[in-house]
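Note sheet for the following structure.
Chain naming follows the written order as A, B, C and D, and within any one chain the residues start at number 1.
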């Protein structure tokens, strides 16, 4: 069915038409000829003020021209339909976005338990249960948007903040599970998105990753509290590499840039925690080259 | 050439892919398998912190898997390219928008003379000279946007306020010339836009019409000053019909709604001028086409 | 004396040196050689931390190198002098600016009487008395600034708003007296400024003219109140031409642009007053082409 | 060629003329004499509203006086040119500033590795590669600014924040290499600036030094983490001296003052780290040059 839909849309979707639902309703108005004469000509009935009598100046009997006010009225009638269609589309998008928000709230609640040193697998299991729900909801987005090709970015603002939250949670879960960064393609896969159909916007992905980074200092602090003294070094390495990767990007002065600038503080906070652990000799003697041997940390 | 371009894009443009320039650069990463193990596993070399050892769990010696950090680095390298491309596209759009602004400034300067009761045809001739320039500039927009199908709305914000000004000026000129409302299709035609290629956004059209309405009270005041006592009635009819047409629309609480709300004040001001003219017996009685001779102002 | 001063400064003034008072005080520091060695070398007395012992590593007897901390201390000593000089210069400028503000306040007070229909010559006489004071004060500016060539724009912000007010008042007086726009060169002449010595910044001039425009609607309203029914038309012509002249300029999105945008409202307000006067038949039958004969205005 | 340029500008550059490009275009307007008569005199043709009839009062038939509106129009035509010139100059400056920002971003990325305890020489080598680029870019600034003598401070705001970042990075590198403060003259030398041509603004230098100070607490924390327990004391001495040097200055209530106030927090944080190290017996005792062997951490 999807394929069928796509075929039938081929012609339209090639265009850069910003008002697709409208394209079908506004018929060519060849018949309307707005003639030029000074606006001072008056005395027409009210309903004709939009167009001072096209036919009266044409002279000949070709008065098959639509009455002008009717043309204007038809235009606004079409607009009304167009705005209503677009409004109801927006409401449907909004409804899905609210469901996504609700699913992420559940997910987040589960994940917060990780700060109370609940076992990671247990925490993840509960959170993972929502991934299927999210996948289904993003699929509904894709279906809604497929009705209006080329309109992804028109409505993008209506679901982007929810998407960023989803990415941040998925990335945090992925990191808890693997210690590695959730890639853009992996995020798309988890959500059943595909670059060739309904993809994950790159800036939304990047902002979501920045949000995840904000969670790490708290995680480190709580892990150290429960005696996990290796955590700071691992997180620090991860964050340092992530920060370096972001620095490759030429960010504009926008929201993403602002979020990335905040990552610096996460990095510093984790460095400070690592410092506290090291100076007390609590950290394992990992592979850092300069660790003097024989340091004994006693709190 | 255009046709060729469009054909080659057919596949892509069917999708709802938000990152099209990116789709070509990010290769499928089948080889990368992020395995699950607790983040506490440490002691890996720095370059592997993004992904603790993919190969270690694959078992079967197929360690042709890309090193993980390289994968992440590649992803960000692709992002960098994507963001740079999108940034340079934005700069090109911005450059055209600046030229449009400059052309509308010239147009506006010419049109302002109408408030000094310069003959309408003379005023219009100068302003019309810019329409060709605008057509050419909107054509450049269409060409730029055709390079990235489905991205119209991604960059729309970068030229919409300029487009709204263009519509307001064209509609004012059209009204001066014909006394009628410039239709959406007529505006598209003047600018060489086509709904099936690169159309005129309906909300931009409507906002432009609201801006035009703001110009009318001033026009009426100045016309009455120079003795054109029929102007208020004509403008009032036009504005009343326009206001009624807008009222057919179900407007959201957005910029268009705010602009439309302002139209009410234009209407009121024109009503007051019409009142001033009528109460002094300056306006013609009824709907005769021309100024009655011997009008005498009586308070 | 001025000439002598200028000659002595020839060399300096050719440069783009941003810190001229400083150029004389910081001697070349050839003698200081900062050697490279790791910062871990420690154990030096406190005063040497800025530079870990240049001589100690040079080995040979060439210890004529200045002690490093002394070099740093000397630099900051020089900075202190520089900042104090620049601070006291700023205070002197500020003192003159305050006197200018005081003179313009007197001037403005006199000019306000014009809104109470006091005879223009009487009003102008009192205001003109301050022009000599202003000339003297701007001469003091010139003298202060001549002490530090190339620094005009460094301190410009400290007197620009006062200058703008001065221009607005002079231009209003000039307009009251001649009905014409005070030119930039005329303003400079009145203030004893000269483009080749200490000129009037063009943006300050233009902003001052915008401020003057803000005064005109009030003037028109009050003149009509006292029965001067020709005033609106004259002011309207003046403002219309001024507005058109400003529209020739390519204004950036800055303060001047904002002020100019405000001029539109002055223009509209004056149009409205002219309208009120005309519709009541109060205005003289001047040379406007379209005035219908025989209109009789009776309030 | 530079010398030639400078000679030809000698006259101009002596002045305090704020509008130099303008000085050449506005010819003396001796011929224009704005005469005084009440603004009520009306009935002149539109084009004369800016100046009611200069010739009428000259008496002696010498009506070769320019028509007044033409004079005003010419003035604004000159202004237009002046503003366009200044706008395009600003764009050229901005373009160089953007390149500087890009070079400093690369530099900063390299320097950040110092926090991951990469060998200082390696880190510095990569960062130093950008100094040549910066030198070249500042040379372009100097060339641009030399086209308009006395305008350094007019456009200074367009490159000062970039310059401050450059100073902070150069000073950090210099400190890493030598343990000493980069002097103002040394910074100028590295950037190919010269006090007599295009110098480094002292406040920009000082603000840059404050920014460098902000980097030190993080450096100290990370050094201690890797076992370099002497670092805190060295940095503390450096920062204490630097802070004392700044305290010699009489700072106004401006940006520099605010940045300097922040230095206090850097100092405190480094003191705390030094305290942590000392109280645990990790720091070397006294001023021996090298790490004592066998340091044992005791709480």
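As a working rule, contacts are C-beta pairs under 8 Å (C-beta built on N, C-alpha and C of every residue); 3 or more make two chains touch, one makes a residue touch a chain.
Please read these numbers as outputs of a predicted model, since none were measured by experiment.
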Those chains that touch subunit C and also touch subunit B are none
Given that subunit C and subunit D are copies of one sequence and touch, is their interface built from the same residue numbers on both sides (over half shared) or different ones? same
Here subunit A maps onto subunit D under a C-alpha rotation whose angle in degrees, rounded to the nearest 5, is 90
Return the distance between the CA-based centres of subunit B and subunit D, expressed in whole Å. 38
Intercentroid distance (Cα basis), subunit C paired with subunit A, Å: 48
Could you give the separation in Å between the centres of subunit C and subunit D, each centre being the mean of its C-alpha atoms? 22
Any chance you could list the residues of subunit C touching two or more other chains? 240
Contacting residues of subunit A [partner subunit D, same complex]: 240, 243-244, 247, 268, 271-272, 274-275, 278-281, 288-292, 294-299
Sites on subunit B touched by subunit A in the complex: 6, 9-19, 22-23, 26, 28-29, 32, 34-43, 45-46, 49-52, 68-69, 71-73, 75-77, 79-80, 82-84, 87, 120, 142, 145-146, 149-154, 156, 174-181, 183-186, 195-202, 206, 228, 230-231, 233-234, 237-238, 240-242, 245-246, 248-252, 284, 286-290
Parts of subunit B lying in touch with subunit C, wherever the complex brings them together: 105, 108-109, 112, 115-117, 218, 221-222, 224-228, 273, 276-277, 280, 282, 291, 294-299
